[in-house]
Amino acid sequence: MNPEHAPLIEMKNIEKHFGSVIALAGVSVEIYPGECHCLLGDNGAGKSTFIKTMSGVHRPTSGEILFEGRPMRFDDPRDAIEAGIATVYQDLAMIPLMSVSRNFFMGNEPLKKVGPLKFFDHALAAEVTMSEMRKMGINLRGPDQAVGTLSGGERQTVAIARAVHFGAKVLILDEPTSALGVRQTANVLATIDKVRKQGIAVVFITHNVRHALAVGDRFTVLNRGKTLGTAQRGQITPDELQDLMAGGQELVALEDSLGGTV
Amino acid sequence: MSETPTVAVTDDERVKEMSAFRKALIRPELGGICGTIIVFTLFLLFAHDSGMFNSQGIMNWSVVSAQFMIIAVGACLLMIAGEFDLSVGSMIGFAGMMIAIFSVTLGWPVWMAILVTFALCIAIGALNGYIVVRTGLPSFIVTLALLFILRGFTIYLPQTIERKTIIGGVADAAQGDWLAALFGGKVLTGLFSWLGEAGLIETFERGTRAGQPVVDGIPMLIVWALGLVVFGHVLLTRTRFGNWIYASGGDAQAARYVGVPVNRVKILMFMFTAFCATVFATCQVMEFGSAGADRGLLKEFEAIIAVVIGGALLTGGYGSVIGAALGALIFGVVQQGLFFAGVESSLFRVFLGIILLFAVVLNTYIRRMITGER
Amino acid sequence: TLASAEGEKYVLVSHAPDSDSWWNTIKNGIALAGEQMGVEVEYRNPPTGDLADMARIIEQAAAAGPNGIITTLADFDVLQGPIKAAVDSGIDVIIMNTGTPEQAREVGALMYVGQPEYDAGLAAGMRAKDDGVTSFLCVNHAIQQPTVGERCRGFADGLGVDLGDSMLDSGTDPAEIKNKVLAYLSANPETDGILTLGPVSADPTIAALEENGMAGDLYFGTFDLGDEIVKGIKAGVIQWGIDQQPFLQAYLPVVILTNYHRYGVLPGNNINSGPGFVTADGLEMVEKFAGEYR
Amino acid sequence: MSETPTVAVTDDERVKEMSAFRKALIRPELGGICGTIIVFTLFLLFAHDSGMFNSQGIMNWSVVSAQFMIIAVGACLLMIAGEFDLSVGSMIGFAGMMIAIFSVTLGWPVWMAILVTFALCIAIGALNGYIVVRTGLPSFIVTLALLFILRGFTIYLPQTIERKTIIGGVADAAQGDWLAALFGGKVLTGLFSWLGEAGLIETFERGTRAGQPVVDGIPMLIVWALGLVVFGHVLLTRTRFGNWIYASGGDAQAARYVGVPVNRVKILMFMFTAFCATVFATCQVMEFGSAGADRGLLKEFEAIIAVVIGGALLTGGYGSVIGAALGALIFGVVQQGLFFAGVESSLFRVFLGIILLFAVVLNTYIRRMITGER
Amino acid sequence: MNPEHAPLIEMKNIEKHFGSVIALAGVSVEIYPGECHCLLGDNGAGKSTFIKTMSGVHRPTSGEILFEGRPMRFDDPRDAIEAGIATVYQDLAMIPLMSVSRNFFMGNEPLKKVGPLKFFDHALAAEVTMSEMRKMGINLRGPDQAVGTLSGGERQTVAIARAVHFGAKVLILDEPTSALGVRQTANVLATIDKVRKQGIAVVFITHNVRHALAVGDRFTVLNRGKTLGTAQRGQITPDELQDLMAGGQELVALEDSLGGTV
C-alpha cells in the first residue's frame, strides 16, 4: 500500500438521510489504489449505505465525492460502473431465471457489429464466462445454465467474478463471505489478495475481525452513521478493532471463551 | 497464487446427467410448440373436411392469429420486463376512434390522422409506464385505471362529437393514402391471382369478382404480425436491450445495481405495447373502414393468455416472443377451429379456460426443468 | 344452388355478445326451422360483441362452405367486405335484424328480414309524442354496441327532442341499472317517458319504478319482450313493447333459404318482422312464449 | 448471565420521534376514510339539491354500495391472504343461474336450490384454491381460466335446458320460502312505515303506493353487507385465523415455516370469496326474480377496485376489511352521485379510473409511513 | 452435556432427494437434551436440508426420526412445533408488513375466550413481545411496529427470541450469526449458552469455526450429503475441525496468514 499515491476515491463528509432516518451523519474516507480497505462496524452502522453512495445507488444528501481528484456525481449505478467502480452487493445482484453468462454480462453486454446494427455477442459472452468461472474454481455445466440452479456459494462466486472482471479500478465487496463455507471463504480472501496486488483498490465490508485482519491494509470503523477513524494494518490489535466494531460497548461475558475475537 | 487450483468443483456425483437431446428440447417455446402440434393434429383429425384447411379457411385463422400476435408481441416483451398492461383493449378502441375522428370528423388527411394517433397512443403508453415506475404501484392497478379512462373517452368523444358510438367513412377518406395502404392493403396479389388462374386456389364463382381467386393476397395485418414477431425476437435474444428486458423483469433491483436503466426499459416496453395496440387498431380501421366504441373489448386478456400459453412467466423475467407467437397461433386456431368444427359457441369459453389451464401447467413443468426452480 | 337433397347447412352470425340474453329467441328460431326443414343450422357470435371479430366469423363461415349465411348488418363498413366475399364465393346471404333493405341489396344479399333499428325507434318516438311525452330517459345497457343506440336516436327524433344527456349508460348489472334509473329520475323529475332497449334494462327499470312509486305514472315503452316485460305490460306499468319478432327473423331466413335452394323459390320483397307494438291486448300467446319464441 | 444488560439499544438519536396524534392517525383505513370524507363533501357541495341525500337517495347509493361491499369483503380477505379471484363475476352469474335452474326448471323448493347452489359454488371456490395451491400458479391465470369456464357454462346450461338465457319466475317460486326471505326481504319495515306516518320521511305522492313511505325498509342486501363486514373485520383483526391470513399473504414460505397452515388458509379464503359471490347472486335473484347469463360481468374488477381503494395491497399481506367497505362505499357513492349530479354517464368510467389512481397513490403513501417500507 | 441421557432426537440414515439432486445421502445424528450440537460443513453440504427434515419442512425420502424414543413423522412444520421443536431458518421467517407482536406469535397466537368464541389476545401478545425483546436487549418503539422497519440484526433477534420463547425442547438455529455484527453475535452466542443451560437441546449451524467452538458441545460435520462423523468438544482441535468443514480438501495458501482458522 502506498499512501503517497493520490487517493483514487475521496469521500468527504458524506451524509445520507432516509426520510426521518439519518443513516450517515458525515463520513469521510479515502481509498487508495492497490489497498484493501476494510469497512467495519455494527449492524445498521451505515456501511452498506456508505458504499451505495460510492457506487451510485444512493445520491448523498450532502458531501462530496472526488474520483481520481475530480468531483464526481453518480446519478445512477451505471455512471459508477463506467467510471470503474464494480460492486458486489450484500443482497446479490443476480437474476435466478437468467443464464450465468447473461447475468455475468448484465449491464455490460459485449456487442458485435453486423452492418450498422449491434448485436449481443453471445459466443464471446459464453466463452468469457466459462473461463472466468473456471479461474474462480467453479465448473459450470454450461454458460446457459440458469443462475437459479447454482448453490448460494456458487452464486456469490459469480457475483465476485463478474465484479473482478469489470472492476477496472475499484472493487467493492459488501459482506461477500457471510454465507460462505470455510473453503469458499478462503477462496474469496485469496481473490481479494490477488486483485489488490494487481493495483486495484478493494473496499471490503465484513463483520469478521479475522477476515478483515487477513487481507485488510487499512480499517475504517463506522458507528451509528459516523466514522470512528481509520487505522493502518499493524497499528491496531485485533482486540482493539473488535471493541471498535462493537461500537465501543462492552461485549457480553461469554466472549472470553472465544479467546478475544468473535 | 495466480490460479486457485485447489478448489475443484465436482458436483456431478450428486446430480444425474441430462441427455443432450433432452437439453436441446427444453426451451421456453417448448410448451408452445407442443401445443401447436397438438392443436393442429386435433383439428386435422376432426375438422379436416370443414373447410378449415382450404385456402379461405387458412387465411381466416391466419388473420385471426395474426391479430392476436400483434398484441401478444407487445404484451410478451412487457411481461418479460415484469409488468403487464390491462389497457391494451381500451387502447385499441381508443386508437381506432381517434383515427376516425381525425380523418372523418376533422377531415385531416389519413396519413396525418394515423401519425398523430400513433404519437398520442405511444404517449399514453409512456404515461402508463411513467406512473408505474414513479409510484412503484403494481401495473395491474395503474393500467386498470387507464382501461376505464380510455374506454370512457372512446365512448364519450364520438357520442359528444358525432352523437353516435360508431364512426364510419374512413375507407373513403383513406382512398389512395400512402400510409393507409401500409396497414390496410395486401401484398403478393400478383402471386395469388396467378395461383388462382393456375387453379391452385379456388376462385369466386359469381359477382363482380368472378374468376378472381378467393384469397387475393396476404393482408398487411399478417405482414405486420410477422414483422413484429421477428423484431421482438431479435430484440429480445440478440441485443443488449433484450438482456436488459430480461433483467428488469427478473429482478429490477438487481438489474439497477449493475447499471441497467430499468425505468427506461419498462417505460419503453409500455410504449411498445401501446405501439402494437395502435398497429392493431389501425389495421382494423383501415380494413373495415369504421371505428366503434366496442372495439378491442377484452383484448388485453387475450393478449395475456396468448403470452402465457406461449410459456412466459406472469411475474416477469422469463418467456420468448416465438412462444408468444405460437400462443397466439394456438389461440387463433382453436377459436376459429371450434367454429369450423361446429362446437356450440357458448362452449368456446369453456374450452378456452381449459386450454389455458392445461397450457400453464405444462409450461410450469417445462420451466422448472429448465431453471431448476423449486 | 339447385340441390334438392336434404342436409343443407346454414350459419347465422349475430353481432351480440354471448351474454346478451335476447338472442336466445334467435337461437331457438333457427333450431326450430332447422328441425322442421331438415337442415343443419349453426349460431355464431363474437363473444365480446366486437364487430371486427364478427367480420372474422363471417369469413370463417364462408370458408366452411355452408349453403347460406344469415347475418346481421350491425356496421355496414365493417361487414360489407366479408359479406360480399361470401356472396361472391357462391354463398347465399340473407340479412336479418339490423341493417336496412338498401344496405342488404348493396352487399348482394337475397333479402332483408328484420326491423330497421332507427326506424323502429322513430316510430316509437312518434307514438310517444302522440301520447303526450315531452322528455324521456333512454336506458342503454349496451352503450358500446352502436346498433342498439340507434333506437334511442330514432326515438329522440320521433319525439322531436334532442337526445342530449337522456341516454343513460346503465351497464348490465340489474341493481346498478335500477339504482341508476332511480338516481336519474330523482335528479331529473321533469322526465315523463322512459325507453328501455331490451329485457336486460327493462326488468330492473320496472323494479325501479315499482320502488319509487312511479310505476304506471310514467310513460314507459320498451324494445323486445321477456317474461318481466310481459308482466309489466299486463300490469300497466309498461305501455307497449316493440316486438320485432326475432323468432321470425331467424326462422324465416332458414325456411326461405332452404326452399330457395331446394325449389328455387324466393319471395319478391324484403320482410319487415317489426316493429309490432305489443300492448295489454292480446297478451296470451306472447306471455306463454316470451323469452323463448317471442 | 440471566440477563444481557450490557446491550442497550438506543436507536432513538437517529430517528425523529413521531407525534402520538400522527401515529394514531395512520392506519390502513386512513386512505378510505379520507376518500369517504372527500367524496361526501364534494357531493354535498355539488349535488345536495339533486335528491341524493333525501331518504330515497340515501337508500339508492346505500344499496349499490352494499352490493360492492358484499363482494369486496371476500376479495379483501383473499387479497390479504395473497391471492385474488377473477372468477367472482362469472361466479355471480353462475350461482344465480343455478338457483333459477334448480328452483324453476327442476322445481325444487327454493331453500333447497339456494343451499345446493351455495354448496356447489363454495366447492368451485375450493377447486380454485386447490389448483392455485397445488400447482403454485399465479391466481391471476387460474381464476382467469375459471372466469371463462364458469361464464361458458352459465350461458350454455340454460340455453340447452330451458332454451333461454334469462330464467324468470324465481320470485313466484320463492313466495313464502323461509330461506329466500333471508336474501330478498326487507327488515325494519314497521319502523319505516311509522317514520312515514310520523312525517319523518317522505311518502309517495302519486302512483299505486301513494301514502306509503318512499323507503319502506332496509333490504336484506344491506344487512348481509354489514354482517359480512363485521364478520370479516373481527375475523381478520381479532382471531388467530386472522393472523394466519395476514401471514399467508405477507410471506407464504415464512408462514409455513412457523406452522401456519398456509394452503388451508388460502383455500378457505377462496371458498369465502365464492360464498360472498353466491350471497350477492342470491340477493340479486331474490330481489329481481330472474337470473341472466350476463349477470356479474366485470364484478371481479369492481371488487378488486373497491378493495384497493380501501388500502389493501394487491400483493397481499396488508389491508383491512373496514377499508374495503369504505372503498365499496366510495365506489357506490361516486357511481350514483355522478348520476345525481347529472354528469354525462359515459364519463363515469373516466372518473372511476381517475379516482382509482388517486386512491392508490394516497394509500401507497400512507402505507409507506406505517410500515417504514422503502 | 450428559451422553448417558437418552437422546431427544435420533435421526437415522436420513436421505433426501430433490428430483435428480441427492441432497442427503444417509445421515444419522443424535441430539441430547442440554447440549449444543453444532452442524458444520461446506456450502451445499446439506445442513439446511437436514434440519428442515428435523423441523417438518421436508419429509425425508427415506430414514427414520425418533423423537424421545418414539418414531415420529412430521407432515408439517406445525407438527414439529407442537412436538417442541423451534427453528430459526437461514431465510428468516419474518413478515415485514406485520407488526412485531403478530410476527412473534405467528402460528402460536395466544387466545382468550369470550363466551364460546376464542379471540386473539392482543394485550397479552403485546406484553410478552415487549418483555421478551427487552430481555434480548432490543427496545421496540411499540409492539405494533412493523417488522419491516427493524434492522436486519433486530429481525434476527426477534426470530431467535421467538424460537426461544416457544422452543420447549429443541432449538434449531440455521446460521443465525451470518449477518450479525460483533456485538449482536456475542449476544446470540450468549443466548445459546443460556438456553442450553436450561436443558434445552440446541442445534447450531455455522460456517465459523470459532463460533462453533465457543458454544458447541458436539460437532457433526456434513460433506456432500454424508456425515463425516461426530466429535466431542475437546476431542478435536480447531484446525482438524476446519479441515473437516472444508470437506477434507486443502485450502488455498492465504490461510496461513489467518493463523489457521478462517
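Every chain is named by a letter (A, B, C, D and E) in the order it is written, and numbering of its residues begins at 1.
Keep in mind that, in the parts below, a contact is a pair of C-beta atoms (placed from the backbone, for glycine too) under 8 Å apart; a residue touches a chain by one contact, two chains touch by 3 or more.
According to UniProt, the chain labels map to these proteins: A, E = ATP-binding cassette domain-containing protein; B, D = Xylose transport system permease protein XylH.
On a predicted model such as this, the values are computed, not experimentally measured, just so you know.
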So which chain is farthest from chain D, going by the mean of the CA atoms in each chain?
A
Which chain is most remote from chain E in terms of Cα centres?
C
Averaged over CA atoms, how far is the centre of chain C from the centre of chain E? Could you give it in whole Å?
72
How many angstrom lie between the centres of chain A and chain E, each centre taken as the mean Cα position?
29
Length of the line joining the C-alpha centres of chain A and chain D, rounded to whole Å:
50
Measure off the straight-line distance from the CA centroid of chain A to the CA centroid of chain B, and report it in whole Å.
43
Residues of chain B that touch two or more other chains sit at 1, 4, 6-8, 11, 155, 159, 346, 348-349
Where chain C touches two or more other chains at once, the residues are 18, 143, 167, 169
In chain E, residues with contacts to at least two other chains
44, 183, 187, 190, 193, 249, 251-254
What residues on chain A touch chain B, complex-wise?
55, 57, 76-78, 80-82, 87, 89, 91-98, 102, 105-109, 111, 118-120, 122, 135-139, 146, 148-149, 154, 162, 183, 187, 190-191, 193-194
Residue ranges of chain D in contact with chain E within the complex
1-11, 237-240, 242-244, 246-247, 250-251, 253-261, 313, 317-318, 370-373
Residue numbers on chain E that touch chain A, as the complex places them:
41-45, 151-154, 175, 178-187, 189-190, 193, 207-211, 213-215, 242, 245-247, 249, 251-255, 257-259, 261-262
Once bound in the complex, which stretches of chain D touch chain C?
47, 50-52, 54, 56-57, 60-61, 63-64, 67, 93, 151, 155, 159, 162-166, 168-169, 204-210, 212, 214, 221, 284, 287-290, 292-297, 299, 335-336, 339-342, 344-346, 348
Chain B-facing residues of chain D, complex:
131, 135-138, 140-142, 144-149, 151-153, 155-156, 159-160, 301, 304-305, 308, 314-315, 344, 346-354, 356-357, 360-361, 364
